[in-house]
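Handing you this structure, nothing more for now.
Labels run A, B, C and D following the written order; every chain starts at residue 1.
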Amino acid sequence: MSLNRRTFLSSAAAVASASMLPRAAMAADSIKLGSILDTSGIFDAYGTPMDMAMRLAVNEINTAGGLLGMQVEVVAYDTQSDMALYSQYGQQLTRQDEVDVVHGGILSASREAIRQTMRKTRTLYFYNVLYEGGVCDRNIFINGVTPAQQVEALVPYAMGKSGKSVYILAADYNYGQITARWIQKFVADNGGETVGVDFFPLDVSDFGSTIAKIQTVGPDLVIAPLVGGAHLSFFRQWAAAGMKDRIPLASTTMGVGNEHKVLTPEEGNGIMVAYNYSQELDTPANNAFKERWSASYGDSSLIHEIAVSNYQGVMTWAEAVRQAGSLDREAVIAALETGLSIGGPAGTVTVDPKTHHAVLDVHIMEIEDQGMRVIETLPQRQPIDTQAVCDLQANPDDNTQYEIQI
Amino acid sequence: MAEVALETQGLTMRFGGVVAANRVDFKLRARELRCLIGPNGAGKSTFFKCITGLQSPTEGEVYMRGVETTGWMPHQIASLGVGMKTQTPNVMDSLSVHENIWLAARRFHDSREADHKTQEIIDLLALGAIARDDLGRLAHGERQRVELGLVAVGDPWLILLDEPAAGLGAEEVERMTAIIHVLNRQAALVIVEHDMQFIRSIAQTVTVFHQGKVLIEDHVDRVMSDPVVRNVYLGKKS
Amino acid sequence: MPGDLKREAIAIAVVTGALILVLPLIIGTYTLTVLAVYGMLGLSLGLIWGFGGILCFGQAAFFGLGAYAYAISAINIGESTIPMLLAVLVPAVFAVLLGAMMFYGRLNDVYLGVITLVVTLILFKVINSTAGPQYMIGNARLGGFNGIPGFQTLNVPGKPDAYIWGDSYFYVCAVLLGFVYLLVTVLLRSSFGRIAVGIRENEVRMSLMGYDVRARKTVMFAIGAAIAGLAGGLFANWAEIVTPNLFSLSQSAEIIIWCIVGGLGTRLGPVLGAAGLAYLKFLLGQQALVDNALVTGLILVLFVLLLPKGVVPALSGLWRVSVGRRPPGRIRRRRRSRHRERLHG
Amino acid sequence: MDLYVVVLVEMLYGVASLILISAGLAIVFGMIKVINLAHGEFMMMGGYATITAVNLGVNVFVAMLLIAPVVVGLIGLVVERLVIRHLYGRLIDTMLATWGLSLFFIGLATMVFGNTTTGISTPIPGFAIGDYQVNGYNFFIIVVSALLLVAMLAVLKGTRAGLVARGTMQRPDMAAALGYSPDRVYMATFFCGSALSGLAGAILAPLVGLVPTSGGAYIAKAFITVIAGGPSLVAGLFASAGFFGAVNQIFTFAISPVIGEVALLVAAVVLLRILPQGVTGTFFKGRL
């Protein structure tokens, strides 16, 4: 990305937008928050509650008087679980709607589809989902847990409860690929051995042969970073084969979209996970949040990990705007880079200036009767995986997603 | 060799256990006109398809002007200068008569020459009045005539016709007979037919098929009076 | 004939020019760009299906191949001219191989449909499972489900820093669509085009007349693939990312629907069908009352039942009835032949 | 040794599920030459019918084996009366119209059931083969598919209705002359085909998560299996499902599920290239 191109792009953007009709009239007295989420299609179980959380946050901000004396207006697009629509709507948000900030993206694939557009058009971007780590880009802020925060805690716990040999079943895209490598690393660090890794495209829903294959290898533990509705079949088929009582399961994604509420207790109980949030967190902040959610939407059963991340992301951005006293991208980034903190439903979330990731609490949990029972809480974990490779203070022009090498 | 337009040696076609054509030896001289007759299922059409390349024979060889064409594709055979007409009218129904004939002419001439040639054939076959009509709208006899035009426009030296007179009225048969005589000035013809009147009016030599084999091959009058032929074929009809 | 063609070329240029000027006043150029690209994609199938009689269930395969060929080569080369050529060539070569395999194997109708559908599925599944870091072509990581983002987008040939995008990119796409439309027109008026129509009408007859049907269908198939590939390359530039979804069955289905609704056997039909339905989908995507698929499906069913020939032939039929002339396509051919008659008669 | 048994069971399961998902399509294509591209959505609706019934408290087997086929069969009947019957004899048009229907039903299901993955648990527990645990439900699917094949053969060959249907399929004019209305026969056939699609969807529902777009995963496989099977209904179905199922599972075990699927598709291309009339167009000519 040369400077050349950027100046060209921004001047061309002005020309281009002038001729785009029909367009929404520019309201000078409102702030536009762009949201881009899959609220239909196979990822809607993730996206719909995220959308609700975002709207809840914006409502709360507006009720409290808005930002800089202006109301926040939501411009939302449903990407229908289609990655191609991300780039399309991403372009629309930035070039046509000219929003002040974009929150959204669920799968890492969707984030990568729009990240460069956001960067090129200088639109501040928040990605509020747990992910594989390593994104180093000054224009993006990420508050989901990364492998160092999540996997590093989960793996030793799960291995302690089972044994040393681990089999990994991962979704076949960047999240699954990179997370699988992190799992392998932490398994090795804890003196274990990875005895098998299989990747599954997101539309695979028949795991019969895989279950048989796992048995031929006979691991002590299966860790499954599987994603989406089709992959949910794995947990069901695993239980149907009677494997649940033989080999314990851990997952880095199970429950993120409230999957444990779709599974029966017999299918879900005992699966080990580690997240920033669980509905079962018994803290005043969470209880108050659940009440506010219920007041808006009737009941709070839809809340999940990344819905809360999205809520915390919007709140973090709002706090930064308040502190900056401006909507200017540079000013807001500067405010965020002061190491800004907010108290969210899942505890304190602090922006790490070096990586634009978040420092937050992680809870090791087990699925129990369609809920998540907290076993152990690890407070304020740093995103050390990304910190090891990314320093935006020293290197503000960095624009890479670093991947772990084994 | 040039005197022989078409020759088959031991041509055999089996479908599973059924032998549709059984070691057929056949020879046709240049500018000869030959009719193939025989009862249904005698193997005429199979023999015919093997020559035209629509099927490829299980055994045996086909030679055209001394070139072995066994197992060739129809378009390769046609490109030698062989004109072929199948049993049912086989034309481009949603195109006009002119376009149909032009397409056939274009195969052997450039675009401009093809225009000429098309006009010639339209005049020859007296199709001028209907030249602009889509073929799908024409009567059966007219379609048969157009198909003959498709065959003739390439100036073939060998013409294979499967039942050209089928379903035609008396007047049309007469016109067909005249056209065939014109074509025969340049080309050898093989004609599969049922209509005995028609055969008598065009052919001298007739080949009779029976159970996949050549039963007899002789002058039309002698064939007609042959008791064996009468038995297997004509006897049933008359 | 050349004078006639000239007139048509001028008409195409004038209409294209007028649309380029008028349409941006109504619809944003960003949306218009993709409508033009889809129009070209519709035209590619309209050509091989409507005029060549080849029903390809996998036209999306060529679209996707064009897009991927562009993206991969753009990353490796860093300049867009050669990648754009590759976007046309790679699908065309692939189509020659696939077409030869099918047509020389005498596969037809339903079997042709199955093979093209299966090949599209194979491409989809293979590309979709290349997320691992080991799947690289040169410097380009295939990325599996993620697709390939961040490639060099269209630039002025020879100047990698002079990007063509926004309004200018729309003009490029629209002009290219007009150009491809003109090429298709020329092709259909040539002997090759007329013979292709003959093959569509009756393959056996055409081969009995001495035409190598297999070779001609293969070439026709490849021409369609080249146009679809060009559309794919343009789409990649527009979206700035390519994903395996380009190869999806639903993409192929949409192309077929465009052709059916617009009208087969016309050049304009598939273009209008594509642009119209894509815009309709775009409008439907902005409301939540009725599901998008439901409307698209209903349109297709109703068209097959009530207007199986499509909008454009129906309208020109109406025109003929009310004004008493033959549809434009026919008039021209007729006029030409009459001219010929006079010459020789 | 146990592993081989397990692989064999999985292979049988692969074949059985292919038979199951293709049967409805095969009936409709084989008997009345209609390629029902909404077949996958019929299956999807069978799945939803089952889940809805189970959630209403109906026994899961009743829901799968009775309610789903009847519901989907009736939907098929409506579709036949409104759309298909106007298109008999126009193969490509029926494909396009049913493609439209498939989109229509996806949209409809999305509006009715929403887009969230739903499902029910498998009603049969897993059990052990030696050291291996296998999904007990696989056996259920194998048994159902076997019964289905036998039943299809018995009905077509052994009953009067089957005879009439076969006769009509070969010579509709003769059947009409003999007093059997082809219209009725087609209607009944489409009903049966749809009901089988519904049954397949219902039986597979406990294995996979169901969304309105689930049908898309089946239609391509079913389409390939039926076309590759060729003109003979039961023999073709059995032969091509056996071939593709085996190829799929062998490669799945040897390499990965994705390669298994790709191998199936490549096998289909090769098979059709070698045998352009399908398996039974070449080998088992004229049998059912």
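Note that contacts are C-beta pairs under 8 Å (C-beta built on N, C-alpha and C of every residue); 3 or more make two chains touch, one makes a residue touch a chain.
None of the values given here were measured: they were computed from a predicted structure.
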Grouping of chains that still touch (sans chain C): A, D | B
Graph separation of chain B and chain C (steps between touching chains): 1
Chain located farthest away, centre of chain B as origin (C-alpha): A
Central chain of the complex, centres being mean CA coordinates: C
Inter-centroid spacing, chain D versus chain C (mean Cα positions, whole Å): 33
Where chain A and chain D are represented by their mean Cα positions, the distance between them in whole Å: 39
Approximate Å spacing (C-alpha centroids) for the pair chain A, chain B: 75
Chain A: positions in contact with at least two other chains: 172, 199, 201
Residue numbers of chain C (touch at least two other chains): 125, 128-129
Which pairs of chains touch, using the document's own definition: A-C, A-D, B-C, C-D
Residue numbers on chain C that touch chain A, as the complex places them: 24-30, 34, 125, 128-129, 131-133, 143-147, 149-150, 161-163, 165-168, 239-241, 243, 245-246, 285, 288
In the complex with chain D, residue positions of chain A that touch it: 40-42, 44-45, 48, 172, 198-201, 203-213, 215-216, 229-230, 232-233, 236-237, 239-243, 246, 262, 264, 266-267
Residues of chain D defined as touching chain A within the complex: 3, 6-7, 10, 13, 110, 114-119, 121-122, 124-128, 131-138, 206-209, 211, 213, 217, 249, 252-253, 256-258, 260
Complex contact set, residues of chain D against chain C: 35, 83, 86-87, 91-93, 95-97, 99-108, 110-111, 216, 220, 223-224, 227-228, 258, 261-262, 265-266, 268-269, 272-273, 276
Residue numbers on chain C that touch chain D, as the complex places them: 55, 101-102, 105-107, 109-111, 113-115, 117-119, 121-122, 125-126, 128-129, 249-250, 253, 256-257, 260, 290-305, 308
